Amino acid sequence: MRTTNPFDDDKLREECGVFGVSGTDSAAALVALGLHALQHRGQEAAGISSYDGVQFHTHRAMGHVAGNFDRDDIIRQLPGTVAAGHVRYSTTGETALRNVQPLYADLASGGFAIAHNGNISNAMRLKRDLVRRGSIFQSTSDTEVIIHLVATSSYRSLLDKFIDALRQVEGAYSLICMTPEGMIACRDPLGIRPLVMGRLGDSVIFASETVALDVVGAEFVRAVDPGELVIVQGDDIRSIRPFAPVAPRPCIFEYVYFSRPDSIAEDRSIYSVRKAIGAQLAIENPVEADLIIPVPDSGTPAAIGYAQQSGIPFELGIIRSHYVGRTFIQPGDKVRHLGVKLKHNANRALIKGKRVVLIDDSIVRGTTSLKIVEMMREAGAAEIHMRIASPPTRHSCFYGVDTPERAKLLAAKFDVSGMTDFIHADSLAFVSIDGLYKALGEARRAEIRPKYCDACFTGDYPTTLTDQDESSPVEQFSMLEERVG
Amino acid sequence: MRTTNPFDDDKLREECGVFGVSGTDSAAALVALGLHALQHRGQEAAGISSYDGVQFHTHRAMGHVAGNFDRDDIIRQLPGTVAAGHVRYSTTGETALRNVQPLYADLASGGFAIAHNGNISNAMRLKRDLVRRGSIFQSTSDTEVIIHLVATSSYRSLLDKFIDALRQVEGAYSLICMTPEGMIACRDPLGIRPLVMGRLGDSVIFASETVALDVVGAEFVRAVDPGELVIVQGDDIRSIRPFAPVAPRPCIFEYVYFSRPDSIAEDRSIYSVRKAIGAQLAIENPVEADLIIPVPDSGTPAAIGYAQQSGIPFELGIIRSHYVGRTFIQPGDKVRHLGVKLKHNANRALIKGKRVVLIDDSIVRGTTSLKIVEMMREAGAAEIHMRIASPPTRHSCFYGVDTPERAKLLAAKFDVSGMTDFIHADSLAFVSIDGLYKALGEARRAEIRPKYCDACFTGDYPTTLTDQDESSPVEQFSMLEERVG
Amino acid sequence: MRTTNPFDDDKLREECGVFGVSGTDSAAALVALGLHALQHRGQEAAGISSYDGVQFHTHRAMGHVAGNFDRDDIIRQLPGTVAAGHVRYSTTGETALRNVQPLYADLASGGFAIAHNGNISNAMRLKRDLVRRGSIFQSTSDTEVIIHLVATSSYRSLLDKFIDALRQVEGAYSLICMTPEGMIACRDPLGIRPLVMGRLGDSVIFASETVALDVVGAEFVRAVDPGELVIVQGDDIRSIRPFAPVAPRPCIFEYVYFSRPDSIAEDRSIYSVRKAIGAQLAIENPVEADLIIPVPDSGTPAAIGYAQQSGIPFELGIIRSHYVGRTFIQPGDKVRHLGVKLKHNANRALIKGKRVVLIDDSIVRGTTSLKIVEMMREAGAAEIHMRIASPPTRHSCFYGVDTPERAKLLAAKFDVSGMTDFIHADSLAFVSIDGLYKALGEARRAEIRPKYCDACFTGDYPTTLTDQDESSPVEQFSMLEERVG
Amino acid sequence: MRTTNPFDDDKLREECGVFGVSGTDSAAALVALGLHALQHRGQEAAGISSYDGVQFHTHRAMGHVAGNFDRDDIIRQLPGTVAAGHVRYSTTGETALRNVQPLYADLASGGFAIAHNGNISNAMRLKRDLVRRGSIFQSTSDTEVIIHLVATSSYRSLLDKFIDALRQVEGAYSLICMTPEGMIACRDPLGIRPLVMGRLGDSVIFASETVALDVVGAEFVRAVDPGELVIVQGDDIRSIRPFAPVAPRPCIFEYVYFSRPDSIAEDRSIYSVRKAIGAQLAIENPVEADLIIPVPDSGTPAAIGYAQQSGIPFELGIIRSHYVGRTFIQPGDKVRHLGVKLKHNANRALIKGKRVVLIDDSIVRGTTSLKIVEMMREAGAAEIHMRIASPPTRHSCFYGVDTPERAKLLAAKFDVSGMTDFIHADSLAFVSIDGLYKALGEARRAEIRPKYCDACFTGDYPTTLTDQDESSPVEQFSMLEERVG
């Protein structure tokens, strides 16, 4: 597994990013750039499909966008003025090339390619019914359910078939689809996962985050609305809203960790939200100390906010190696315990004898927090205070985020005092859930219909969880499944 | 493309070989050996599926069996006491990993794996109907049609669904299928492609040719009959014949070229049949000469037969390089014409001033025959007489053999005199169609219901050719097809 | 070429790092860890040699330590209790595996392996003489000159031969050598390149920087002195000083950019020196502004120092992608100009309408400075002031640093006003040479025998430059040289 | 290890083939073709060097010529009108890329590349002396000794240095050297290994065998004489003979097995010599039998000779697989004993109940002879008579042939009766040493100065064996040797 953030072994992971463009000669090349800018949303695999007016073309690869999709020979295999792509960190479905998106099918109406960010929470129930009626699945991805629902729908037009399919699925989905007639982008009625629209010259772009628009030089137009389908056919752009309206619940963790700091969501700079959370954290949980130290790199904006609010100097107390693009598998048993230092090393001369405040964005299992605290202790810190720029993560996510099972979440096992003991810190504090909403410009979290999906902190899931209620997903999907060696 | 026979650029190609075993601990390892013995039936790709009582496992690879399936790590990924495999030279369907067999599907009844030797001649018609009803194809292989027919059949039991499917397909098929309940081997009602059954201890084996039984040390039991399904469930072996009986028409070209000389078909040694054809050729087309020279290696048995019948000495007049496992792509334009000598070289000292008879098994396009004659001429042969151990190949095959389109067949363009001119020989002669049947123990070819499928020589096809009648296969299959880079 | 720092296309490059250990069972594994910690000193290739008491073993590879030397199978090929390794960014010699160090030779006295950080400035002259006397070179590396001088020395003992060799070479060298009798570490009389000694249990370690000691959990003992040879034979450690004493001149650029911020050199924390340079820069070149923005990542410590000194807030105005371990080669001409944003993107919401101060450690060609300024301008910055934490780089380095030829150095072509125009900034300023010495605790730069080698800023080279005076190195080395494809 | 002849596990192996050309634009492409034709002389590695008038270029690769040297990109890296190449089966020196020839060195006189067929029998003695004087070896190949002798020679001109070097070496060598002044081909005074000269238009070619001339379309001119140096400088060809004349002793095993049957040596067709040996074998050792069966492929010419002489029919009783270019490593222990059948299979229907005569060219260890006899027995042969077309192989070769140590040679352990028992045959007979000379046109083997080197049969070595007399080569060469992983 590839990893780049030094401490990302203990992070929740966004599973996917999507990027599509319609109306430019360099469609696939532009998608490659856009996916590269979204690489933080999924590092296991990537894929691009293009449509040249006659045929669909697809290339998929395990690994990063760079090294796979920055080669002229690959891009030349993806001709056409319409293209869409996907980066993936697997949620459901084993990691195999046939699960890498965009998924493609030859329907009676012509080719159909789909890229999906999110997770269908009743996928297993739907799959079971489809297989009984004779559908044959080629992947173990929940996304393939949508394709079969489209293929077997009794409606006439492709658009009606597609809406028929979406009405049967529950959960989170931001989708970019390609058909011979055009590109369709859509977002589930709750808008759990993000999706934005941009323009570059005459071409229309859809992307998971605004940073991907920036990187390709495109202009941000607006977010795709929750429950909206945007249909692009050449120069014609139509919008339809086939679902009953509900209050949206976008994912709050996009602000905490998933999105890049240079993205804009709902008119807010992610960077400034994170600084505001840090400042709120300093107000709620002050401490007398000599240095504010970010846990690199995701804790840095909150640490700057905390330092500016508290007046305690911001310093680089942990130096991370630039060369952790690939995990270094340490050879030989004797040296295996030295591992963590390969990624980051205490700035010993700075820390010795000082009272330090470590700022991180979240704690999942707590294992790396423990290692960081011990590293600071070993480097001679006088006191170590850990401050976390989100509330305790107590619940699993079923909407396209890779969370460990609940039993492994530190905050599900311990209260704050127990967590403090576990990580060996002198003190530990989290921003409150209301504090988090404050940093987002709200007065507090609304009891009824809160503005965001914050189920990972509160357990308040905005949809039914059909597959969870019926059985364990692992058991179901592995039943009689073929393993491809 | 890999090639081993020095002159095989101008041969018809058998497209597939199949091998399956039920009831042994080393099932996948045994299949690997069996496929290696059948490698001459398909060199582009190979695959093995196994079933361990719970799960199916599959490994597929482009290239030869050796180098891909002789590795312990691969075989360990294929556990179970039941396994089946396939070697492939593509007929329909582009060459991509997803077309490599065995194909697999998760049906409502459980897993289903299938390996197919032959060609479904109404596959496109059937596919079009299936797609209209919502089936999604994952390959461009005609074999996948059978799987979807099984999946969508309205019969209750898997066996009934399977028979229902086979009743809808036309053409040639020798199949080995694996289901959680057992292995099914079957052969189309005309028995166009071969399939034999053997035993090794308690285990049952199915294979395209007896040589694969020899190589794994198994005993030959009998051929699977045309129109027969043999069902193996543990120790239980059942046979059913669900089709109306018709007179069989096995492929006569298996005797001419496809099968290995050490195989036995219908109680006849392929080697002795080829010698008999050579002897018949000497009787029908004698010539005064000094040397009989086989075109290596496929012409050798017939050349020995011709030499023994005629009394003219058999000599190695063409030396083939051992190192042509991979085509040598000659670099540089200036030397490109030297190509043919890399594979085989005239034994100059032997040939100079002599009248030579070259014996080959067949002529397809005639291009390499021309090169061989010129090589002999250049080496100083006084006279060059070409004798061919089969009748002129005038028609395409639609039953699982790779034939060039008719317009490229030398015998479809010219009569024997024109062919002689084309290849620059002093004389050229073919064994007659009746002579070929004589070498097989018949008095002559029967006008009505001849004993073999000899359509490539006679144009007398034993089935309807639905897809051929409707349109060109190329056009149909490429319509809206996705290209995987 | 691999690159990690987003703007490192325009940096001087340290060419090498070395690491050796004597007296532990896991010698090669420890060297792999140490080299990983020194990866910033050379990313093109790496090598490790070990000695098991009987035989020497070597593995070399192009690319990073991770991915090449973190595999158990590789480490198992490197048995023994003594090992040394090298990371390389090529200075002299083409990039080919045979140039990757450690270099090895079978001498009459036994095996001899050598890892070299630095550059021999009379290598061509010496090589020419050696070849005339019959020596055959296997690499184009300057380091091989040392081996041939040892092999052909007329002294008796290996140590005498080695000292005889070193007395003939000019330039910079920190060396780790392995012989059957023990490990020898040494540093040239001026101590231009760094080399430190540490301890881990009973074993002795030599490394280019202290960070490598930290990472393997070793204790820092002391620097190897300029002109000192340290000889380790089992438990015995001896030190000899065979050169006439001269005032040392360690490289000042190690403080500016080469060394990792968490290393300690001559009792100074690199991080704190860089902060001090930033503070000095603020004193010398103040500016009224809203934000201090580091050019990531090498400008960050100086930016913190500048911000703390000036009271202007430190903010992340440039967001760098985590996924630039490999350069993304942008496919398609149309999108090629978008390149720079893949690596780093302006934090638009933060910058718009603000007066910003960009802090970088140095300017070499000026090309990326121009891009950064333009990116800030495009993001809406009101004013852009560039401040550089080193004096203008006006001269090439001949001591093991990859510098562009003088004509390409921006500071060799323009004065500060011209440079300001070139990069399109509103203002540009450098710390003064005396200011740099001040940050290092000196009153100012001494006219006579300054404390550091600062030739890249001043042109004051501490050695003769024999090869430079005689001819161009390119011309000499390519003469009749064999190219290995 | 790659193997192609089905039974070649038990053959002596020629270690090398060489091919050089001077005076054509496509020099390297032509060398690639020539080496491909000489592939049977060495399958482990290959290399080509070219000289473009300014620089030497070299590419070396493990494995076959095809797949490595048939790529345009490789050939383009080898520009120039002069080129030489080498195929190698390692004799002395481990198998590593740096041992692959041509070897190259930068001498004071310019570049020097050398390709060597043979073995220097005093290489270790010479190497020891050279290392003592300061020479550093980069390979473990005996050939490098020649280069260092040239480099350190005190003569003035390169030609004098080269002759000085050759006068110091003992053993067998056919060499092709390239210098900036021209190409030098030479053969040791005894002419142990072959070397021929040809012409293609204006260019001059040197090759190990005439078949390589045939394949590239060149005309055979003459053999390079034993003790002759041929120097090609542009259009100028000079010949010098710097050694005292001695009676030549070319290797007799070239006729028995090494050379291709379509080569010509000393005006004799190898194919016709082998047929003559087979006929002589039939005269000396007749047997009543039904079939003559060649052990494929090397036994075939002798089998044809035996069959023609005896009147017993020649038949293909052993069918070899075309797909043994790579050894098939049989997975799983249970099936490992099935191995031999993968390569060749008894033609059961032919053999059953028959008295068969197996013809092979030689027996080395006897292990595969045993397997073949058992395969025939198992296929139902009534009697099995083995006839060998060479005398018993009783002695090792030290002139560039890979022979097992004497203790493993079947003929060194047993007399013919014991050998017959060992291989389980009904009878076994060899052609006599005088019979072998007869087939070569001599009356008998001369006691004094026999016409060929036949040491492997007689133990009569034509040179002193310095290294053998002093110690074991294994011990010497591994002393302090570096292993490259």
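Letters A, B, C and D mark the chains in the order given here, with residues in each chain numbered from 1 onward.
Operating definition for what follows: a residue touches a chain if its C-beta (ideal position, glycine included) is under 8 Å from a C-beta of that chain, and two chains touch if they have at least 3 such contacts.
Composition by chain, UniProt nomenclature: A, B, C, D = Amidophosphoribosyltransferase.
Being a predicted model, the structure only gives us computed values, none of them experimental.
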### Task
Give the fewest steps needed to get from subunit A to subunit D, where each step moves from one chain to a chain it touches.
2
### Query
Compared with subunit B, which chain's mean CA position is the farthest off?
C
### Task
Could you give the separation in Å between the centres of subunit A and subunit B, each centre being the mean of its C-alpha atoms?
51
#### Entry: Chain centre separation in whole Å, for subunit C relative to subunit B (CA means)
63
### Task
Let me have the rounded angstrom distance from the C-alpha centre of subunit A over to the C-alpha centre of subunit C, please.
38
### Task
Hunt down the residues of subunit A that sit against at least two other chains at once, touch-wise.
74
### Query
Name the touching chain pairs, please: which are they?
A-B, A-C, B-D, C-D
### Query
Which bits of subunit D are touching subunit B when the two form their complex?
4-5, 25-26, 28-30, 32-33, 36-37, 39-40, 43, 64-67, 69-72, 74-75, 211, 214-217, 260-262, 264, 269, 271-272, 297, 300-301, 304, 308, 313-316, 319, 321-332, 334-335, 338, 341-342, 345-350
### Query
Mind pulling up the subunit A residues that touch subunit B in the complex?
49, 54-60, 74, 77-78, 98, 104-108, 110-111, 113, 131-138, 147-148, 151-153, 180, 478, 480-485
